[in-house]
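In what comes next, chain A is part of two complexes: it sits with chain B in the first one and with chain C in the second one.
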Partner chain A sequence: MRRNDAMNAIEVKGLCKSYKDFSIDNVSFYLPSGSIMGLVGENGAGKSTTIKLIMNAVKRDSGEITVLGTDNISKEFHLTKEDIGIVLDEAYFPEVITARNVNSIMKNTYKNWDASKFYGYLSTFKLPEKKVFKEFSRGMKMKLAIAVALSHAPKLLILDEATSGLDPIIRDEILDIFNDFTRDETHSVLMSSHIVSDLEKICDYVGFIHEGKMMFFEEKDRLLEEYALIKTTKAEFDQINSGAVKGKKITEYGVEALVERKALPKELVTEHLCLEDIILFLAKGGNR
Partner chain B sequence: MDIVISNSSPLPIYEQVQSQIKNAIVSGELKEGDGLPSIRTLAKDLRISVITTKRAYDELEKAGYIYTVAAKGCYVAQKNLSLIREENLTKIEEHMRSIIAIAPSCGLTQEKIIEMFRVIYEEK
Partner chain C sequence: MKGLLLKDLYTLSKQTKVYLLFIIMFSVLPMYNANCFALIYAAMLPMTALAYDERSKWNTLAKMMPYSETSIVLSKYILGFFSIGLALAVTTSAKLITPLFSEERFEPTDVMVIAVVASLAVIMLDVTLPLFFRFGVEKGRVIYIAVMAVMAIMVVGFAAGAFTFAMNSSAEYDLNIPIILLALLLVTAAVSALSVRVSVAICRKNTD
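Our next item is the complex of A and B:
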């Protein structure tokens, strides 16, 4: 059974993979159809490995992975790949080919390749049809890769660091494309990035990978609601139930801490909190 | 209808959406039977999470401001005057409570507060 438009575009359960010096340890998450999930984590945390495991480009040791309703180690998975658009951090096209050549190649690669859609994206992205690839700027290369990923009618987009190294304006344009892509509720996006502000802008769900472990997987707005950032005096800080403190930074002049909002007295003023604060505090554990 | 999402607001995003739609209904900008944008459209237009938008709609539906027609969308419900009245009464009570909380710091007695209120009320 191939086309089972399951509720979840991706399901990962108890995923493990060991290397000599690194391992993915019991990672679980799911990406509900129609949503965008961001995978955050520092360099080497396991984001790209997880993505490779999802595509079965790397074989897992144990655990389960289902993509668009198909087990990714089943024989049918190569058919599912038609429905996946993938963009890696570097666009690898031969140096001398043009966007037009890319069209001819992809036409023979993907069954659902839509040339008019591809040319449509070229004009939206203001990409030249006849320029050779080696003369493209980094932003243009990335946009070309994204145009390719979107032009074979994918249901799922997987992007590994696709927006890193691009300027804020292009990044914002690309985020808009992903936002529009998910106007269709059968479309989903999984993107990894260490630009947390990008993920904060468009993600519905956020997973934070740290040293091969999933530190949290949560609905983004819930995270921002659940936690609060406070700056206060040592004396006031000691009044707060220590079980509710998720991370703290103590200086000579006061305390900065990430705490569960519900544990705070109502009159205490909280600072503006962004996803980056949550990740920094949680990554450093008790002390920052 | 204007919906402005502020990131520096202390209110969670779903509450911001919910209260602004509610205000549009109470003020009459949205009328009974008017269709609301679909959850997904509104979320994508505002660039906020679909889950959050759904939560705002769910809360509005629970409070009786809107209703859902399966496979069609959400519509503004018949305006329930007693509901709005109830809500405004709660608001007034809240304001009164905060007056009572601040008053002792200026040594105001109950009589003085009532007198102040009368003076201000008559000015209007």
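Our next item is the complex of A and C:
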């Protein structure tokens, strides 16, 4: 893993956490300030656990985690949380409260709470002020959670499956908001999702977590440069250095494979590659 | 902490109206010591708040916000103390006012009975809250019912004892009520302090 000398919003080194039937195993990554990092992986891969560990909502067994320059198990981390906007897979507000109530609660929770900004977001998102939370649609609930996360001048947004279950139009609107947020280079976003297309749209860095292990952590553009997708015959495929093949799918018509681009003969034609292809091939290993 | 208390008050707003009605109803019932049920009922309010938290998974979010485990725990105790305090005020006022409109006489031992039941209500809160934090609302509720049953027996036993005592007090005993009230306050405060510590430790352990 390469290190960036600029300040990192999040640094995770050798993170381990064991449960009876699942463990986070030696996970390391960093999120440079001003960047968006996508944490991708299938359901149950360990994304949410990693986020809980970052927020010290779950205690780690070993490893180091620094968030906005503060060790997350230090007493000062309590103050650092003021600068972190959090959106979970559901909004988790009590069902009988209204957006107005949320404003009063958060005004007494975050020192930097900006009520006018919050009401501004309510207006932008067309969220009713007096309707009780249980009558909100899922999209409205997530928008309310995002409004809360953005209304206390956060420097870091941590989003756990914030876009899952939303329709493509709302997802797109929300991704735009996150993109705008990082126009300020002191702002950063860590976003977990299993919707790879969302991450591909906005992320600068991608970490792929699989069965509790970080399979790769890389700049998105570099990943797309580094790998190539080929569709070829079995005979042509056999000529490629097997060490460069990261995943393959053999059918009666030929071979589809993810290969390190530098190992390919120049004359070999490559297919359009997207992040989802890389992840699927790497997750399934040698055979799809 | 203020944010957490506000959240509970908004969440319980409907319950609070019913709760106030119950307190007033129990407080003014002419039955002997029926007003004590208002105090016991008041001790249940934090459990209802915890049930709402569990249902909405609020605690998952709260752990990621700038709330310490201590403030998450303390907010529930403060809610309980506040509701018991309110019930105590209404109940005591009713006891003082009733003689003005009826032939019922105000007895100093009535204050004793109310004070003891208020202490029992606080202790009930102190016993049940750590159980709710440890086992969650569903299992905690079963344990809560068992605690309630024991408490009810104690209350009935105490009420009967107090009645007998009151009947004989003028002839046999000279009760130093302020000293007894102070002792009750100190014992209750000590139990509460211990309970808060246990609940905070449980909440910290829950993050393991």
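Here are a few things to note about the model shown:
Please note the rule applied: the second predicted complex is superposed on the first by the 282 of 288 C-alpha atoms of A that agree within 3 Å, B and C clash if a C-alpha of one lies under 4 Å from a C-alpha of the other, contacts with A are read in each partner's own complex, and residues count from 1 in each chain.
Heads up, the rule we're going with is that contacts are C-beta pairs under 8 Å (C-beta built on N, C-alpha and C of every residue); 3 or more make two chains touch, one makes a residue touch a chain.
Note that the structure is predicted; figures quoted are calculated from it, not measured.
Once chain A of one complex is fitted onto chain A of the other, the partner contacts of A:204 are limited to chain B, with no touch recorded for chain C.
Within the superposed three-chain model, A:106 lies in touch with chain C and out of touch with chain B [touch as defined at top].
In the superposition on chain A, A:219 contacts chain B only, with no contact to chain C. Set against each other, chain B and chain C touch different numbers of residues in chain A, with C touching more.
Touch criterion met: A:88 reaches chain C, while chain B stays clear of it. Contact with chain B, but none with chain C, is seen for A:35 once the two complexes are overlaid on the shared chain.
Shared-chain residue A:57: touches chain C; no touch with chain B. Once the two complexes are laid over each other on the shared chain, residue contacts for A:97 go to chain C alone; chain B is not touched. Interface of chain A with chain B (complex): residues 34-35, 179-180, 182-183, 185, 201-204, 219-221, 224-225, 270, 272.
Interface of chain C with chain A (complex): residues 2-4, 6-7, 10-11, 13-14, 52-53, 55-58, 60-61, 63-68, 207-208. Those residues of chain B that touch chain A in the complex are listed here as 7-8, 10, 12-14, 40-41, 44, 47-52. Of all residues in chain A, those touching chain C in their complex are 52, 55-59, 78-79, 81-82, 84, 86, 88, 90-97, 101, 104-110, 158.
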